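If you scroll down you'll find the structure; I have some questions about it.
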Amino acid sequence: MSANLSAIFYLMSGILFILALRGLSSPETSRQGNYFGIAGMMIAIIVTFLSVGNYGTGFIYVLVILFIGGSIGAFIAFRIPMTAMPELVAGFHSLVCLAAVFVAISAFLKPEAFNLGTTGNIKLASLIEMSLGAAIGAITFTGSIIAFLKLRGIMSGAPIIFKGQHLINLFLGLTIIFLIYYLCISQLPNIFWIIVGISFLIGVLLIIPIGGADMPVVISMLNSYSGWAAAGIGFTLENTALIITGALVGSSGAILSYIMCKGMNRSFFNVILGGWGATDQTSKSKNNDQKPVKNGNADDAAFLMKNASSVIIVPGYGMAVAQAQHALREMVDVLKKNGVKVSYAIHPVAGRMPGHMNVLLAEANVPYDEVFELEEINNDFANCDVAYVIGANDVTNPVAKSDPQSPIYGMPILDVEKSKSVLFVKRSLSPGYAGIDNDLFYRDNTLMLFADAKKMTEEIVKSL
Amino acid sequence: MSANLSAIFYLMSGILFILALRGLSSPETSRQGNYFGIAGMMIAIIVTFLSVGNYGTGFIYVLVILFIGGSIGAFIAFRIPMTAMPELVAGFHSLVCLAAVFVAISAFLKPEAFNLGTTGNIKLASLIEMSLGAAIGAITFTGSIIAFLKLRGIMSGAPIIFKGQHLINLFLGLTIIFLIYYLCISQLPNIFWIIVGISFLIGVLLIIPIGGADMPVVISMLNSYSGWAAAGIGFTLENTALIITGALVGSSGAILSYIMCKGMNRSFFNVILGGWGATDQTSKSKNNDQKPVKNGNADDAAFLMKNASSVIIVPGYGMAVAQAQHALREMVDVLKKNGVKVSYAIHPVAGRMPGHMNVLLAEANVPYDEVFELEEINNDFANCDVAYVIGANDVTNPVAKSDPQSPIYGMPILDVEKSKSVLFVKRSLSPGYAGIDNDLFYRDNTLMLFADAKKMTEEIVKSL
Amino acid sequence: MEIDPFIFRLSIFILSIFVGYYVVWSVTPSLHTPLMSVTNAISSVIIVGAIIAALAGASDKIFEISSIFGYLAIILAAVNIFGGFLVTQRMLQMYKKKKK
Amino acid sequence: MEIDPFIFRLSIFILSIFVGYYVVWSVTPSLHTPLMSVTNAISSVIIVGAIIAALAGASDKIFEISSIFGYLAIILAAVNIFGGFLVTQRMLQMYKKKKK
Amino acid sequence: MRIVSISENRNLEKRIAITPEIARKYISSGFEVFLSKNYGEHLGYSDESYENIGVKLSDNIKDILINADIIIQLALLSDENLSILKEKQIVIGVLNPYQNQSKINKISVKNINFFSLELLPRITRAQSMDVLSSQANLAGYKAVVESFSNYEKAIPMMMTAAGTIPAAKVLVVGAGVAGLQAIATAKRMGAIVFATDVRTASKEQVESLGGKFLTVEGSDNLETEGGYAKETSDEFKKRQEDLLSETLKKIDIVVCTALIPGKKAPVILKESMIKNMQSGSVIYDLAAPQGGNTAFTVADKIVDKNGVKIMGDTNILNKLPTSASNLYAKNVFNFLINLYDKENKKIKINLEDEIIEKTLVK
Amino acid sequence: MRIVSISENRNLEKRIAITPEIARKYISSGFEVFLSKNYGEHLGYSDESYENIGVKLSDNIKDILINADIIIQLALLSDENLSILKEKQIVIGVLNPYQNQSKINKISVKNINFFSLELLPRITRAQSMDVLSSQANLAGYKAVVESFSNYEKAIPMMMTAAGTIPAAKVLVVGAGVAGLQAIATAKRMGAIVFATDVRTASKEQVESLGGKFLTVEGSDNLETEGGYAKETSDEFKKRQEDLLSETLKKIDIVVCTALIPGKKAPVILKESMIKNMQSGSVIYDLAAPQGGNTAFTVADKIVDKNGVKIMGDTNILNKLPTSASNLYAKNVFNFLINLYDKENKKIKINLEDEIIEKTLVK
């Protein structure tokens, strides 16, 4: 295959990858995006085969290997439970990184095959590119492994922090740079191996101080790093597909992790620099070390509710304090327009006055036939997709059923816990009138939306 | 200057242009964006001088010419009144297009200077590129001129439609293609001239059937065309800056005109294909031929109000019908958060019941001290930036002051007309209770927002 | 394994289209006119071609017909460059956020 | 007037960064995970390098050490390609708009 | 020009025609104001508050009337006082010309002009003088407050630890000015409000206040050009009856406001319908003075039919006299200003002016 | 187990302790219910409606009481009826043990257990039995309705062609259960609502209902552990007085709800303050039965001080008897169920249970 033709095909595959990412940024086009990605990958692989043009035994082996790898991948993809997605991505990712390291090694061992000069006499630019590629690949490999272990729960999600961590990282980083320099002038294979080894270590050190909750950001960041590595190798191999895709993955991954940080109200730098954020985090979660909460934002809530078929609203005193009734009504209007069935569940003692919620909902013109009392609606929670708990707390606290010592023992409660997901809108983890902690905050199907009830609801309306 | 170095600089200038467009997409960064654009342009010009490397008399002439042109441009830019912006852009644009035509002509006359072969024996690809460039340039040149004339009011803004228009355009288009083909095989200069001539004609024919209101879209579209022309010439001259910028301008112009169409609720294709949309348009504006209204959308309204220092809300029966009071209150909340002073002006007979507006505003929890009766607030309109008239009509109709024959003659009215801009939210141009037309709709400082009052207000909230 | 520079140019062209496409997607309507104006100003990079047209010939034949077209193109483009950027600047003055 | 292909590659690289930057800006948070997953899948284009590493040598020395690294890289990348795209597909199933 | 007003029979009418605020306006427009003693005392407007702004007060009714140019009242003067009137005087009020035709005719031969404000045309320009609107509006409000006060349950829905109190269901019959205000008032208290009317335009208006409109099926629009209701056909009545019978079974409070100008009020709630209502329900009949919209209405009495309380006042505005007087006085002021020729400083009865022409009792 | 209840003195008490709905619940829980004839007649609950669900009725009061296991009332029985009671019976009601201590003590030697529900601790679990809350809530609502009905102007703001009616300003003194409901009710009618209290927690609560809180400056939180108010210091009283004096000048309607459990109600509106109020204003004093929050309160009378009407009922719930009875009956039911040992089908007075321990009159 002529170099020109294959360059054009590589360009095509790069464009298909762009379209893939583009597609993935909106739910409507996401599946199509994935297909673009697949097409791009197929083109890249086939073109490579054609342009290498080596159809000997090696080729057969490659096909077999490809098939085996693919089968394993497919098997894992089908078997893994949906809840394990983030760790799966981390796991998969470690493989690519390792692959990048291997490619770099291979290029180092046999530069002639890649037109990079001869062993022991590799072109300077290529040497830099390939050692950088190998280093980044190695760092992201072990980093991904750690992320995987943390997410999988094999390793504790808590940040592991020790004194001098940052110094060590800095030192190792400088060492790598120095070694690359030294490699360039000496071309000694051992140095190359040392670089790879140290990089493995850095990957570990970089990720262990980051808490489990920040892992998605980390994965995206690692993704980005490996993109840059691929681009580096692309320059080495003078391959447009690798360059385009690497740059694409590199920048989009970085942006994505930035967006995710913003969404979670985290400092981007704290997260990617690992340990820096750690102090901040521990102080925050002091009062419930072992109990992490899932922290969501308006977009998540909007998404969940838009795609629900039924939503139950549970208002409480916080809605009254925030005067969120109008915003709430508006949110419900939008949901209903989207075909979602919405009802309001009013606990007999929600608020601070008998009928407190009723006054406010009537003010916001909520039709009476959407408002239900506890007995009427309590069984519906089991069949509802989302319970939107807005400024209520005690009235949902299951401790009322289980703990005779609790001050609210014996009070009937709204069984929001039974719904598929629970969204809790309140400003903090602080307790309500009864002064007791609410177990629901820490449940798996609960998403906490920390904000003023009115603000959050308005934001959800915007995202809907 | 080495080709590599100049290529890098051209790349830089391309990137600066990207940053310029990026900057212009948000008010905060817009000025910065403009500076990027200027920087990019300077680099491109200087690099060109350096790489042409011809510092003879010609160079002096060029500098002089550059200076003269620049002065004229600067003079116009400072003198033109702000209201004439769209036509100014159209006018300026015609110049670039003509410049593109001239460059193509020059290349055709003296291909050696551009490395394109020799006169009468120009490279095929280059010939296609340059004749296409010339044709597009010529079309956009006369198109821009027509747009300019229409906007300036020298030519009537009404669409000029005659029978067979589309057929003629089609015929001319095919002729151009045929001529280019013929040019390629014959290399006859005359053919080239004919192509340019016909293209001038097409430009005229393409734009005359488009109504004045659609001109901004047209200008953006012409911008886009000339971008493609520049890219074409870029390929001819093997100049990266031209390619990047041309593609950038081409695609962003197209997207921009698409966005503008969407914003104005027009069909993109009707507009760019000119005449097709014409029928549609005339039928719409039947009932007020001579009186055009300015038609805005939620974004415009949001922008106007966000940047106002005081806004007066004038609610009427339409607000009640739409039950827009809650959305209205929310909008006002957001405005107040933005530091805008907002008050409500209640006409004594607004609505259909004494105190109709008061009930609804109270329901939405509007504080009483923001609600004013006619006598209290009527003088404030003269000092207010925006009057947001939501579903009111008769109570703002100035005919009550001027026409003794009118059924509402003698009724005091809210002087909304005195405010800097008036936003009218209603569903159509139909009259209110009194059944009479309202002159205000056609005023220059009025922007009509045709929609259900609640929907529109909600959309404005979203855009704020 | 040499690749024709045209392929590279094509890649650049296509990638630029993508950039142009995305970069203005999120523009606020109030900035449509300034954006249009800046796009127009930018499109006068055609001056690059004009300069080449004017100067690329032998320096003794500066009044050759092709050079003259080049000069004309330069003057037109120059008007547009200065006018375009300055007018954009003026428009943007209006959008200065009022102080709060 | 020949331009070094490296310059072109650099241009392509930079423009791709812009595209990558813009293309995900507007992603909805609910798609973060699938997007991450697809990005990951795409990043296995490194397989291109792996194939070259495995096959670029002389066909008789297919078990050279460098080729073996190539094979290993291929298998890893292959797992990721299939796994990545398929798992994304599965995730996206969840986002199918329910019928109204 | 001297404007006067004398105290009404306080048993029948607690409103006044000139409040201190309006008296000040008359005086600053160049009129003299002359009132009887204790004119506004019962509303908290002391004699001083009038005197302070330049109003003259006297307890000689005869003296007041005989020296008047313009006499502003609520109801028509007593026969005795009427006989005092002299030539060229002008009387403005709600004079009920249908019933008082003979009395008025007898005296207007003296060249006395009577303007009765309920005759005002419902045109936009007359809105500021429209006493029917201003008073009906308050009546609609007060009717709801009265019926809520007489209802033995709570109106709004309250979900409490001791069980739920359901929201009361209110039906408003007739959605004119009074009816609309009744709807608004009941709605804001948290009741579920239904309304019905014969004019089709009222549907949108009812809904604009958050009420639910009960449409009598197949009904034409029974609206006159002036915006009033026409009498209904028998067939319509039947259909309306069917609709209401069903509805009333679950209604807790009814506010009746249906009127046809110049006619007896239509009887809309029949005996059988009321019998079907729940015990404890309340009906407030604003049409009581015109005969009532129910079969049992007796003005100024609370009639109990199987536990359903039916009530209605001859003049509900006596329960809201301060607000009602404020609006009434302003209406009359606006009317008078329209009648007054500022340049020549005299009253000009311009019969070209629809407002003047229509209100003049002939 | 037989539950009984006999008619109260209808002049003093219109509420009933067992509604048909609750009677059904008792019966389905395995109790027998025995009532006096005409028990709910005045609320529209006919004797049949009781009999239909299996309640026995009799007009022999003695017979009813003597065969009872549990006697549920509102107020304490008359002396005569008390003397009929026999051993092991249980009496539940709002017995006012502070005043009736001696009476009760005399009889409880017979081993009769009296439970007085106003003694319920304000704990979460007791909310469904909390008669103070359920009744105060309705009282707060009704106080507003009553004062609006007695106010001679319209409450909501109305901008009309005949001028603007300003919104009435309402002050609620004491923002407990009744006060909060009063705030809510006045607010929804369109009044501008102010409120004041000694407990700092009430500020947020008032604002959560759209009211404006008047903070007495420099005040500490005068809240007891049980959530009630403490008596205030003299200095506090002075500051509160200053604040209220100023405020009251522009207030149209005052609703007083301030109470201190077991004490006479604090006098908050002094003579001078009321004198400064506008004529036509209305004060409704819910504290009237406990002596009143104003200097002039006389229960069940409308006192007129310079045009300011001051009123208050001994039992405002007699004006809302149906709703009040529904909630009261439900409260008692919940209380009884808590007392009842289902397995052994008998009453078990478990003094470990705070609810039972506190309500038992000793």
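A, B, C, D, E and F are the chain letters, set down in written order, and residue numbers restart from 1 in every chain.
Just so we're on the same page, a contact is a pair of C-beta atoms (placed from the backbone, for glycine too) under 8 Å apart; a residue touches a chain by one contact, two chains touch by 3 or more.
Bear in mind that the values here come from a model prediction, so they are computed numbers and not experimental data.
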Labels of chains that are neighbours to subunit B and to subunit C: A, D
Contact-richer chain pair (by C-beta pairs counted) among A-F and B-D: A-F
Homomeric contact subunit C-subunit D: same or different residue positions, threshold half: same
Farthest chain (mean CA position) relative to subunit A: E
Geometric centre distance via CA averages, subunit F-subunit D, whole Å: 73
Approximate Å spacing (C-alpha centroids) for the pair subunit D, subunit E: 81
Centre distance in Å when subunit A and subunit B are each reduced to the mean of their C-alpha atoms: 40
Contacts with two or more other chains, residues of subunit B listed in rising order: 14, 18, 238, 240, 244, 323, 348-349, 354-355, 359, 362-363, 365
Per-residue multi-chain contacts in subunit F, two or more chains: 127-128, 133-134, 137, 156, 158, 160-163, 165, 188, 190, 210
Residues of subunit C whose C-beta touches two or more other chains: 2-3, 5, 8-9, 11-12, 14-16, 18-19, 23, 25-26
Listing of all chain pairs that touch each other, if any do: A-B, A-C, A-D, A-E, A-F, B-C, B-D, B-E, B-F, C-D, E-F
Touching residues (chain side subunit F, partner subunit E) in the complex: 43-44, 127-128, 130-131, 133-134, 137-138, 141-142, 145-146, 148-149, 152-156, 158, 160-163, 165, 185, 188-190, 278-280, 307, 319-323, 326-328, 330-331, 334
Subunit A to subunit D touching residues, read off their complex: 13-14, 17-18, 20-22, 24-28, 30-31, 33-34, 37-38, 40-41, 44-45, 48-49, 52, 54, 56-59, 61-62, 65-74, 76-78, 80, 82, 85-86, 88-89, 92-93, 95-96, 98-100, 102-103, 105-107, 109-110, 113-114, 216, 219-220, 223, 226-227, 230-231, 233-235, 237-253, 255-256, 259-260, 263, 297, 299-300, 303, 307, 309, 338-339
Contact set on subunit D toward subunit B in their complex: 1-4, 7-8, 10-11, 14-15, 18
List of subunit A residues in touch with subunit B within their complex: 323, 326-327, 329-330, 363-365, 458, 462
Partner subunit B, residues of subunit E touching it in the complex: 123-125, 127-128, 133-134, 137, 177, 180-181, 184, 187-188, 204-205, 207-210
